[in-house]
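Two complexes follow with chain A in common, the first pairing it with chain B and the second with chain C.
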Partner chain A sequence: MSAAQAPAPQQALHEALLRIGDSTLILGHRVSEWCGHSPVLEEDIALANVALDLIGQTQLWLGLAGEVEGAGRSADALAYRRDAAQFRNLLIAERPNGDFGMTLMRQYLFDAYHMLLLQRLTASSDPRVAAIAAKAAKEVAYHLERSADLVVRLGDGTEESRRRMQTALDELWSYTGEFFIADAIDEAMADAAIMPHPASLKDAWLAEVSATLSEATLKVPASTYAHKGGRRGVHSEHLGHLLANMQFLQRAYPTAVW
Partner chain B sequence: MYAQMVQTDATHVRKLDEMSPEERAFQERIDRGEKIEPKEWMPDAYRKTLIRQIGQHAHSEIVGQLPEGNWITRAPTLERKAILLAKVQDEAGHGLYLYCAAETLGVSRDELTELLHSGKMKYSSIFNYPTLTWADIGAVGWLVDGAAIMNQVPLQRTSYGPYARAMIRICKEESFHQRQGYDIMMKMAQGTPEQKAMAQDALNRFWGPALMMFGPSDKESVHSAQSMAWKIKINSNDELRQKFVDQTVPQAKYLGLTVPDETLRWNEEKGGHDFAEPDWSEFFEVLAGNGPCNRERLSARVKAWEDGAWFREGLVAHSEKVAARRAAPRAAAE
Partner chain C sequence: MATTGLPTAPDVWRWLETVPDPEIPVVSLVDLGIIRDVEIADDAVVVTVTPTYSGCPATSVISLDIEARLKSEGVDKLRIERRLSPPWTTDWISQEGRLKLRAYGIAPPIDGTNADGFARRRAGALLGDNFVVACPKCNSNETTKISQFGSTPCKAHYRCKTCLEPFDYFKCI
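After this line comes the complex of A and B, so read on.
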């Protein structure tokens, strides 16, 4: 890529921060949809906790995105006043919850990636990014421990639980390739040592996921096809519905303070 | 109050001279303010009544997640969403402590869950009302948690040790819940005309049901008298309702909202407000299953349980496999 095509550094950082903050926002929202409906009380508590962590991280990432943008937009303005095409989350985050197995598998595949990303971000050349990552990494270490443990127990549980976990894995696998696909924004972030190059996370992620899935007696799908587009604003039909729900009050009463 | 109209099986409050020596010694310990612990002797009726009361309380925490969960995905800011998530997580945690307290009396969580799902055990009537606007989330925290605190603060001194200790922890969190509810109401009441209207409408709809949370007058109730003798109920329903009204009326005034009761007046002589009784026919209809959300609330819980059966079975199967694998090398070595 020639220098002339490179995005302006602040613009690139803003976009890159949206990609992280929007992913935690949308996944946190999805997880919060389970509230009061999970299979066992301990899971209601755990899911609320995971959602709460993700929303808390969103406040930090989108807060910084707004600050970097310098246009006076707060984290709330970014979360509640953008339409789907302006969202930069990974597609996997907006996948519908499905059954509890689908929700867990989505969480595990994301957590394994999220953990690696945050570990690398703690060494970011931008101290603001490093500080948020250090805080979030403590929380996500717990998310990963929990989701990996449950994937193993349910994969290696009953025939029914194994079937459900394998179905979830087969369906979600094609949404994991997007974690590692880079564009000009990612290149700029990697060149400035602000964020790791997405492709550099792939081997470690695959090693972690393969080990856990093997312990869970689940079969890693052979397909390498990757759905993509979320990180540049091209989403599934699901995101619009999610936003219609999430943004309802801010859109219906635009002058109100809550 | 999350436990309403708890039956004791009593026909009258037993006097000391009617009691067996064991029972008398038990009652005397309670009278001295001692705590009863799980492995100690207790009358069957005390055990059964506590199971009903703690079970109903636990179920209320669990079902109570639903009306608030209804607004988690639509919370208007990230901060409000985070606070509401934390609150609903607390409620689930309260359910967990309470089921654990009930387990010390010899009933499992699964048995209690089955009784809830079959309709044999109740949860608080308040959770059969819908949350229609964001202001309802404020009203639930302010009024519903406010009413719950009225009952739960004295229960920190209840005679059954595990229940009293659960209540101490729960009360700390409930007072935070009430403050967050009032904080939402403040923002709404100071907000746009639409927000103010939502706040007033929420108060209009939740006032009566909140007063009903204390249950009908139990001046004549043998069950309440027996529960009070056992110190698993500390105040009468009317006392707590009065205290709640006296606390809440000035708060409503501060918000600039009108309590929907034209007869509401300060009574200097009794040092409290006079107020209208809520509509008890509505209360009994809700208890009979005819509240606006009874069917939805219970069916949501039953669905969650049934849809999650494979999950629970999977975890059990895995732990059995792990145990078998651990045992296998030992068996082979022998």
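After this line comes the complex of A and C, so read on.
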């Protein structure tokens, strides 16, 4: 989308809210796949709690996205009745879990971005956005504390744990560039002071991540190549499989209630 | 027999003080500080509630419990509204609630230690966890954090080095 075709304000806000809410939804679902499978009980509980926080935040973000859209779609309708191409999540959120190191590295890279984004969103000119961000920021502070601690412990750990963390970092690094790439929707949100410009988060993120990775004795990859497309609906094949699992019940039994 | 008039706000507060939290039934919704407002509007009683954690599974049960309690007092015109801002903080748990938590075996939150993003974590890395969570069973100050994430979203997992018992600490947000 070129700047000449600037989206209508409400439509841009709806899309921008989907980008946040879909990222927390898809990552929350991914993390929930660990439930009952983690290496130790404490980590199983921690992963389930992080997933629960992310899905709770999704209800708020997608709830607001539906309200802004004004078409009568609830958070559940948005989560369960859209196809892959209508999802606006960051590609890193749909990456498969891999081993525990891969899951943790994905969480850390996202948490560091998420924390910065939420801190900036608490100053949003839209009070509804600011309220959700203030709520979510308190929860994400604990996510970041945990994922950063574990990245350091496992990076600066045994030869085997270090190798796994470096492998995870090398694979996931090219999915972090998408955090900071802007299009017309981001420009519109930044101009209206509703959301920060994505590029404005980059320096602080890089400083935080570099410090932690250095403490973890891990080497930041030199490549600046960035996979992108998730925020405008162009996804990897992994998202369709995830949605098939996540949406099955609501698609098969549309009127089912708990 | 249902009463036709609406109750007063202090009545409603008094009734809500007897509604237990679904996950930690030793404290009431009022003790937890999640009832933000009670208003007697022209047509209904309006109770404003704030969630503890955004994904707390107890949230919908809490609304049902409020409805059931007020119905038992004859209130059939009720609106429950959600308020997100300012976000709930453990600092809002009442003194009475803290005593009840401790007696129940859950270490109550320590004020002023709520999470605050990078600042909190960086300070923690430099200073360590410089606050003491006393064991709710034997009162020992020799305790250790097992995990920031415990049996519910609002609790962390600790262990007492003196009596060796594990216990929950009400996580500060």
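By our rule, the second predicted complex is superposed on the first by the 253 of 258 C-alpha atoms of A that agree within 3 Å, B and C clash if a C-alpha of one lies under 4 Å from a C-alpha of the other, contacts with A are read in each partner's own complex, and residues count from 1 in each chain.
In this section, a residue touches a chain if its C-beta (ideal position, glycine included) is under 8 Å from a C-beta of that chain, and two chains touch if they have at least 3 such contacts.
All values derive from a computational prediction rather than experimental measurement.
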Legend entry - First (chain B), second (chain C), both or neither touched by A:Tyr253: first
Inset, instruction - Please indicate which partner A:Gln59 is in contact with in the superposed arrangement: first for chain B, second for chain C, both, or neither. - result: both
Inset, instruction - For A:Glu67, decide between first (touching chain B), second (touching chain C), both and neither. - result: neither
Inset, instruction - Applying the touch criterion given at the start, work out whether A:Asp170 contacts chain B, chain C, both or neither, answering first, second, both or neither. - result: neither
Inset, instruction - Determine, for the superposed model, which of the two partners chain B and chain C contacts more residues of chain A. - result: B
Inset, instruction - Could you tell me if A:Glu145 is touching chain B, chain C, both of them or neither one (first, second, both, neither)? - result: second
Legend entry - First (chain B), second (chain C), both or neither touched by A:Gln119: second
Inset, instruction - Have a look at where A:His37 lands relative to chain B and chain C in the superposition and call it first, second, both or neither. - result: first
Inset, instruction - Check whether A:Asn49 is in contact with chain B, with chain C, with both or with neither, and answer first, second, both or neither. - result: both
Legend entry - Intersection of the chain A residues that touch chain B with those that touch chain C: 42-43, 45, 49, 52, 55-56, 59
Inset, instruction - Can you check the complex and tell me which residues of chain A touch chain C? - result: 42-43, 45-46, 49-50, 52-57, 59-60, 115, 119, 127, 130-132, 134-142, 144-146, 148, 208
Inset, instruction - Please name which positions on chain B make contact with chain A in the complex. - result: 62, 65-66, 68-69, 72-82, 85-86, 88-89, 92-93, 95-96, 99, 109, 134, 184, 187, 191-192, 194-195, 300, 303-305, 307-319, 321
Legend entry - chain C residues touching chain A - in the complex, by the definition given at the top: 51, 53-57, 84-89, 114-118, 120-121, 124, 146-151, 153, 157, 171, 173
Inset, instruction - Mind listing the chain A positions that touch chain B in their complex? - result: 25, 29, 32-33, 35-45, 48-49, 51-52, 55-56, 58-59, 62, 75-76, 79-80, 99-101, 152-154, 156-158, 160-162, 164, 245-246, 248-250, 253, 255-258
